[in-house]
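Both complexes shown next keep chain A, but they swap its partner, so chain B is in the first and chain C is in the second.
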Partner chain A sequence: MIHVISPGLETTVQDTGRIGFYEVGMPPSGAMDKYSYTAGNLLVGNNESAASLEITYLGPVLEFQEDTIIAVTGGDIPPKINGKSVPMWEALEIKAGDKLSFDFVKQGARVYVAVAGGIDVPEIMNSRSTYTLCGIGGLNGGKLQENDKLQIGNEKVRDIQPGTRIADHLIPAFDKHHEIRVVLGLCSYRLTEESKERFFSIDWKVTPEANRVGYRFKGERLNFVERDQPFGAGSNPSNVVDLGYPIGSIQVPDGVEPIALLNDAVTGGGYATIATIISADLNMLGQVKTNETVRFVSVDIDEALAARNEVKEKLAEIKQNLSS
Partner chain B sequence: MARYEYGGDEFVFVELSEAMDLNINFKAMAITRQLKEENLPGILDICPSNASYMVRFDPDRIHPDKLISKLQGLEQSVSIDDFEISSRMVDVPVLFDDPWTHEALMRFRDRHQDPDSTDLEYVARINGFDSKEELIKAITDSPYLVSMIGFVPGLPWCYQMVPREQQIEAPKYVRPRTFTPERAFGLGGAFTVIYPVQGAGGYQLFGTAAAPIFDKDQRTYDFKDSITFPRQGDIFRYRSIDQKEYEEIRKTVEDGTFRYLTKDITFTPKQVLDDPKGFSEEVLRRLYA
Partner chain C sequence: MSQSKVVSPIPGVFYRKPSPEEDVYVNEGDTVSAGQVIGLVEVMKSYFEIKAEDDGVIESFAIEHEDSIDAGQEIAIINAK
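Entry: the complex of A and B
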């Protein structure tokens, strides 16, 4: 069992997500940076879809009440065991009574704490992920609270020696400026050619409205092609007849402040979506902080699929290294 | 002409029409139903929407271009002429001009097209009604098709089954509200919605539905199989109720005995499209028989 001494800013239980319920308006939720999350599970010998803790900006203080193995992966929020700094991206031995805490965030926004066996909370619609808006999943449907108790599950599938590390070239580096690749499309025909060009040529600053639902960006106004609005869309030029929103899609309500929709986003609505962040770079966006800048880069579907395969190959290499 | 678009490497979005039309909604329903029945490997989510639909897939199992050619094939082969919808007619009691949405909309007057009137007064005026009572009568006179589910779990977008010239249309708020009460009944574009949970929102607010459409604890009969109540293809009749009936219904929701008045129905798009008025009358007659 793990005792939550202090919960941090926003610590939630997450796994690979709730797939298959989009049709009823249920977003997938799940770990924002799936690469770091999966690497964490591999490092403690878990099934790749075991539930971990996702920590945002400010870490919790956790007291372990049994011996186990943990790993801390993701952005650089340096962990400490009993007040002593310990490395990230490494299998760490925990003794009953040990306390895990964190220093201030240096780079990135989110870290994952994987525990051998996984975090055991009830599965709701095939997932343990927390979706706070509707109070579903995780521990009691919300972020961790002081004095919560977390049970450790039985999702461990192999033994990993403490001290086992992820090879340096497989550890992502996080910066304050980010290039995020997108596939242009969906309703991008609604933007003027000039605005399409501006979207890719300026730095967008991340506003404080940046969470698991989505990230809002400041830059400059984008303009839509003038038209008589089609029946049912609504009168603003950024309106369309309500449609589905892919995870990672970017909309620009009223032409101001693009919003990238993420894991806990609304699943549909009436704004023109203009592009979608590729799955490989959604991991990176989850590590972007308020006030950092993002440059969007246009790629085609083949480049998006190649980037996806690179992520898969890296995770396969981690798996290979850990089992040899 | 339908547009096929990549939503990154995990989604394909298909827009059958830029404008809303019952015909198109039925077509999207027919295509997505056929796609579901074919049960192709690598398809994760099939999301029909108002005049479009979206598919989430695993590109390791199906290449997006292969999926798109499959969908283009369905666009050609699937017809709404031999398509039947089996769904429910549902009586949905709404307290119009209620205190809760009134309070919410008054808080956000600075985000509204017409800060000096209420949402009901504004939408009545721009649609040519003489009073808000006339607008409420038009909303409650003819039933709605649940044309899409989404936004948050269980939110139904509903499109009235009347000819285009009778459709009520209104812009969304200039800037979305940060607060909408649970079960608020609103209208934006040509769609009515019920907000399942408290949250943000941009539709014009007209009233509050008495009974829930989302219940994560599945306390009443209508939620025994699912935490969400509405399904695409359902036919909702919004019935105007008074404060007294509202409170009586709330009591039965609280004590767990509430159950929506529903009747099963099987219909074809043709029945609706050829004679919307006749179809509406038939729905009301059978629902309350």
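Entry: the complex of A and C
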């Protein structure tokens, strides 16, 4: 069992997500940086879909009440065991009574704490992920609270020696400026050519409204092609009649402040989505902090799929290294 | 007399007042006690209280009301008692 001494800013239980219910309006939730999350599970010998803790900006203080193995992966929020600094991206031995705490965030925005066996909370619609807006999943449907108790599950599938590390070239580096690749569409035809060009040529600053639901960016106004709006689309030129919103899709309500919709976002609506962040770079976006800048880079679907394969290959390499 | 720095653990927007209509939490020169709230940082639609870690006197603020702030950025200096 793990005792939550202090919960941090927003610590939630997350796994691979609540897949298969998008058409009924249920977003997948799940780990924002799936690469770091998966690496964490592999490092402690878990099933790849075991639930971990996702920490944003400010770490919790956790007291472990049993011996176990943990791993801390993701952005650079330096972990400490009993007040002593310990490495990230490494299997760490925990003794009953040990306290895990964190220094201030240095780079990135989110870290994952994987525990051998996983975090055991009830599955809701095939997932343990917390979806706070609906109050489902995770522990009591919300972020961790002081004095919460977390049970450790039985999703461990192999033994990993403490001290086992992820190879350096497989550890992502996080900066304060980020290039995020997107595929244009579905409704990019609604933007003027000039605005399409500006979208890719300026730095967008991440506002304080950046969380698991979406990230809002400040830059400059984008303009839509004038038209007589079709019936049902509303009067604003940033509106279309209705469409599903892919995870990572970017809409620009009224032409000001683009919003990238993420794991906990609404699944559809009537804003023109001008581009969609590729799945490989959603991991990176989950590590972008408020006040940092993002430059969007246009790629085609083949490049997006190649990038997705690269991520898969890196995870396969981690798996290979850990099982050999 | 030693000085201690109050640092923001999170990025966001810094506020010296609990709400727009109210007065600032503390002024430069005011005496504060450990645990006393001296400001707020807004991020992810929530407000995080910034507290003095030591008893002392506020020497200066390093950031203005409503400025954006990064994680690790200095907010104020306290001359500890």
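Of note:
Rule of thumb we're sticking to: the second predicted complex is superposed on the first by the 324 of 324 C-alpha atoms of A that agree within 3 Å, B and C clash if a C-alpha of one lies under 4 Å from a C-alpha of the other, contacts with A are read in each partner's own complex, and residues count from 1 in each chain.
Definition applied: contacts are C-beta pairs under 8 Å (C-beta built on N, C-alpha and C of every residue); 3 or more make two chains touch, one makes a residue touch a chain.
These numbers were taken from a predicted model, which means no experiment stands behind them.
Touch criterion met: A:10 reaches chain C, while chain B stays clear of it.
Once chain A of one complex is fitted onto chain A of the other, the partner contacts of A:106 are limited to chain C, with no touch recorded for chain B.
More residues of chain A are in touch with B than with the other of chain B and chain C.
Of the two partner chains placed around the shared chain by superposition, chain C is the only one that A:291 touches, whereas chain B remains out of contact.
Within the superposed three-chain model, A:56 lies in touch with chain C and out of touch with chain B [touch as defined at top]. Residue contacts after overlaying the shared chain place A:210 against chain C, while chain B stays out of touching range.
On chain A, the surface touched by chain B in one complex and the surface touched by chain C in the other have no residue in common. By the touch rule above, chain A contacts chain B in their complex via residues 19-26, 133-136, 141, 182-183, 185-187, 189, 230-236, 239-244, 246-249, 253-254, 266-270, 273, 276-279, 301, 304-305, 307-308, 312. Per the touch definition, chain C reaches chain A in the complex via residues 7, 9-13, 42-46, 48, 68-72. If you check the complex, the residues on chain A that touch chain C are 9-10, 56-58, 104-106, 208-211, 289-292. Chain B makes touch with chain A in their complex at residues 3, 5-11, 13, 15, 17-21, 44-54, 56, 59-60, 63-65, 148-155, 157, 159, 164, 167, 169-172, 174-176, 188-191, 196-197, 199, 202, 214, 216, 226-228.
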